[in-house]
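In structure tokens below, several structures.
The two complexes that follow have chain A in common; it is paired with chain B in the first and with chain C in the second.
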Partner chain A sequence: MKTISYLHFSLKNITFYLSFLLIIIALVIPFFQISLYLMHVLILMFYYIGYSSSWNLLAYSGQVSFGHAAFLGIGAYITTLFTIRTSLPFIGVLIGAIVSAFIGLLIGLTCVRLREWFLALVTFGFSIIMIALTIELDEFTGGTLGLIVPKLFPSINQYQYYFYYYYIMLTLAVFLVLISQFIIRSKVGLAFAAIRENELEAKATGINVMKYKLLAFTISAFFTGLTGAFYAHFIGFINHQIYSPENSFWPIIINVIGGLATIEGPVIGSILRFFIIEFLRIMEPWVRTISPGMITIYPKMQILIFGAILVVVIILMPKGIAPQLRKFLTPKE
Partner chain B sequence: MLLAISPPILIQIIVWGLIVGCIYVLLASGLNLIFGVMKVVNFAHGEFMILGGYISYSLSIFVGLNPYLSIFVSMIVVGVLGVIIERVCFHQILGTSKLNELILSLGLIYVLQNTMSILWTDYPVLINSPFESRVLDWVIIIGITMLIMTGFYILIRRTKIGRAMRATSQNRVAAMLMGINVEHINMLSFGLGTALAATAGTLLAIITSITPYSGEIPALKAFTIIILGGLGSPLGAVIGGLGYGLIESVAVTVLGGTWRDAVGFIILILVLIIRPMGLFGEKEI
Partner chain C sequence: MTKSPLLELEKVTKSFGGLIAVRNIDFQIDRNEIVGLVGPNGAGKSTLLKIINRFYKQDSGSIRFEGEDISRLNPHEVCKMGISGTTQIAQAFPDMTAIENVAIGVLFGKLGRTSVNEAKKKAAEVLRFVEFSENKMETLVKNLNIAELRRVQLAKALATNPKLLLLDEVTTGLGHIEGEKAIELIRKIRKSGITILMVEHIMKIIMGICDRVIVLNHGEKIAEGTPEEVVNNEAVIRSYLGESSDCLK
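== the complex of A and B ==
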């Protein structure tokens, strides 16, 4: 038996080579003189990887947040306000993440006793309250008109900015995936998993449930704030829309499609999201040749098709793609 | 702050709160029924509501039907659609992770919203009431809500089907063992729930204009209401819905329209801090 298992590639090896290959591909893409648009979309893909990985850290402890846009927006707003006043964007990004972590701790304190839908709705409520607060404090936050976010670093033109930003976002995404891996494999991650599987049993084995739940909230909010801050400097503009429900639901969609409570889930989900949306966009000229009348409703058709894909994927693969992929990659006995 | 408001305005606030409350009652009762029986949260409930509103709108424009009568037509259409969606979508994922319901609902929200947007465009739509005075409209809206809720109550409390629904929501396996066809009950409650949403949508389109996207937030508010009123409790949905409408109406007058959506969640958070299992929920270990 031993000889057989070592002749095969082990699952760990395959995932290692695959992720290595993915990173190499990601590193060389900008050198192929790709369009500004593609650059933009790829940067957003890395942003979604980072954002959903941060969300995943909280979900890993069994707490599902429906309002992560709150942390995203706090990170974005704090760095913007700080950078406008001091023009030190990198410190601003860090402060944004720290403030977000602090708010995460406070929200966590109200949430530790809640479960399932109660928790989901309370976190969602916080993101809705943030919208109202942002509009209310308009002399400070710009209200619905929003704020122009200063650039993270000076650049000659847009392309150069995107070129460097691509690597910043890539680093952030890889960093967040690695750090999730590190946290999940550590003793803390083990405690998170224990709480997720059975809170009462976890308590009985001597895990301080409250402490670890709060820790999960704080860590997740910190990284979400960090991602949000980098996102704001990239997009260059923020308003209350950053707290919109849609922004809160994206990491859930990505994680559930990719595979909940797995490390590769956010990556698979984000890449898939990118391909589906881009595929629908590429189909546009084709639709135009087939029936010119369709073109006015095509943007709506795109979202409609996306929704239908979501429904079909969930019905066919209720556990997400990652477990299926693992099964496929594991060598059969 | 409320004392500074003159009596006529206060009456206006209360009346408006009651009318909005009626819509929340219908919406929350439907959602509550679906949750009670299937233990599934249908976040696309708001879209069924708006669809009901649009169907009534089309009937009143193209057929010239009185909008209050067209409620019953849109109830049937949306109810049948609800049954189909239950069969094709929700039935398939029963018993898997709770998040799957959310993602499925999100997918349905995208599909329904954009289908409506293609069929009826994005322009806000208002059903013109056949009556001259607004007051008469308001009275009719409250009357229709009472009528439908009474019918709903009789169905749940006094008929065999209603008893089967209550049995299923109490204990699924036991109900199955007693010879109740649980799958049929699922279909029926989903259809009934969405039909109630269609009523809410028609009434909403009569008092204010709707767009394909205006169902998202009300559905979440309805969910807040059933959590506050105790998950699965029919009376909780009614009291919660009316209370929510009133509170929202007061909050909009006192704090301004910005807080319309936030105030309900603030109350929810405050309540859940004190009672983590909801107002009427049972304490768990």
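== the complex of A and C ==
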């Protein structure tokens, strides 16, 4: 019997070797004396893989959040406030993730009966509330001026800090992809998939839909909070803009392009995001030469191009790139 | 000491807005029976099944399963107690394979604690029991035909390890041969010790397979008895069977 269901990730599958190769490449890149800038954008790419994978876990249970930046920000602020007071950043990161999970559970309780646009709007509304709260509670949060986030560990210079952080974020990204795969292949993952596919039938088959939907919210918020906390310690500064709609939309764009509710989707989407943004950056001097007027709107081009890619992907590959790629890579019998 | 019936309904009433779907329904089902639920369209048959598996909450009355009141339970809770079934429109998890669909029944049904791999092995056994094609076990359910889908749905219900199986028009959409096979399968399921309550609109199936028949009309029970008693019942002939009942006698 030799067939591959979409829940399997067999060792014999080419996808496995491709993933292995990607990890090896990622591991050796810093040894090639790459620029600080490239290190920075690669770290951000790993951050987006982690963030999108965390968001994807919720989507895997059929729930779509339009306000996940809220959990990202909670993780970031909690670790910052904790580290400022205790100088224990790693514990701060963990507490940030736990608080984020707890808030995720509470939000999940209000959202668990909502579907589609109603769920999307409530989650989006929550992230907007967080912006208002952060500005209002300026005594703690620094308001619009924000807070300086202590470093995660001491370093001789910025390059060394980036060098080590590169591996921390790579580990986080790989960990979140693997843990997503583990969850998706487990009993819990089958319950998530069943709920996504047919909620009524899931109930009829003995699945406690409410419990598993809440679990999805809590797990997703935990990992998003964890990613947000590591992101804050890397960037070194946070303010209310961490809760911005743009920050909430990135995991959606990445996952829809990469492949919604797939393991590979966040990885493909984040890598694509990295290449498009870097391509636009490389093109900037050229644009400046041929049309100086364009340069004022150039930063907005990123989102414009992603919008265009999103439209093209939705029309040509409604399930995203991953399922198409999988079909292409799966050996024919 | 007398053993309580497997399922017991007492004065169950359910209305949707101003429409009373079922009214004051009483009946019992004993272990290892096949009971047919018949009646014209809109009689309340499917509603009654959905009340038993808790998708609908009754307005009044009580439901007991193995002597335990299940009136306030949720669908997943009664499934774990041993009530499972199929729906009129064949439903499944379309983007999952046949074996994954059935494995979910194993994992979350009455059997409960088992690993995913064990559940898949058990799921394969159940699929074989319902005579599902061996080489389609890893096929996505959305790519199956209606007869195969019905078998997956039935296997999924059986995988939860039910004591009572609720079948809602299980032969709908099937051709003559597939329908005959489905009937054979129902007999095989009963032989394995499972009690069956089935809604069916084809009287010949009911006559050939059921030990007892309950007839509903406009949400009320108008008759109950052996298939022979029911087809000779004046009220049933008048409201449901009409003159065509002669061919069933």
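Just so we're on the same page, the second predicted complex is superposed on the first by the 301 of 333 C-alpha atoms of A that agree within 3 Å, B and C clash if a C-alpha of one lies under 4 Å from a C-alpha of the other, contacts with A are read in each partner's own complex, and residues count from 1 in each chain.
As a convention for this text, a contact is a pair of C-beta atoms (placed from the backbone, for glycine too) under 8 Å apart; a residue touches a chain by one contact, two chains touch by 3 or more.
Every value quoted in this text rests on a predicted model; they were computed, and no experiment measured them.
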Problem set entry | First, second, both or neither for A:L137, with chain B first and chain C second | neither
Exercise. Does chain B (first) or chain C (second) touch A:L178, or do both, or does neither?
Worked result: neither
For this session: Please indicate which partner A:L21 is in contact with in the superposed arrangement: first for chain B, second for chain C, both, or neither.
Result: neither
Exercise. Does the superposition put A:I253 against chain B (first), chain C (second), both, or neither?
Worked result: first
Seminar exercise, completed: Across chain A, the partner (chain B or chain C) reaching more residues is B
Exercise. Which partner does A:F118 reach: the first (chain B), the second (chain C), both, or neither?
Worked result: first
For this session: Classify the contacts of A:L200 with the two partner chains as first (chain B alone), second (chain C alone), both, or neither.
Result: both
For this session: Classify the contacts of A:L145 with the two partner chains as first (chain B alone), second (chain C alone), both, or neither.
Result: neither
For this session: List the residues of chain A that touch chain B in one complex and chain C in the other.
Result: 200
Problem set entry | Touching residues on chain B, where the partner in the complex is chain A | 41, 89, 92-93, 96-100, 102-104, 106-111, 113-115, 117-118, 216-217, 220, 223-224, 227, 231, 258-259, 261-262, 264-266, 268-269, 272-273, 276-278, 284-285
Exercise. Any idea which chain A residues touch chain C in the complex?
Worked result: 1, 3-7, 185-187, 190-191, 193-194, 197-198, 200-209
Exercise. Along chain C, where are the residues that touch chain A in the complex?
Worked result: 53, 55, 74-76, 79-80, 84-85, 87, 91-97, 99-100, 103-105, 107-110, 115-116, 119, 137-140, 156, 160
Problem set entry | chain B contact footprint on chain A (complex, rising order) | 64, 66, 110, 113-118, 121-122, 124-126, 128-129, 131-133, 135-136, 200, 245, 249, 252-253, 256-257, 260, 297, 300-301, 303-304, 306-311, 314-315, 318-319
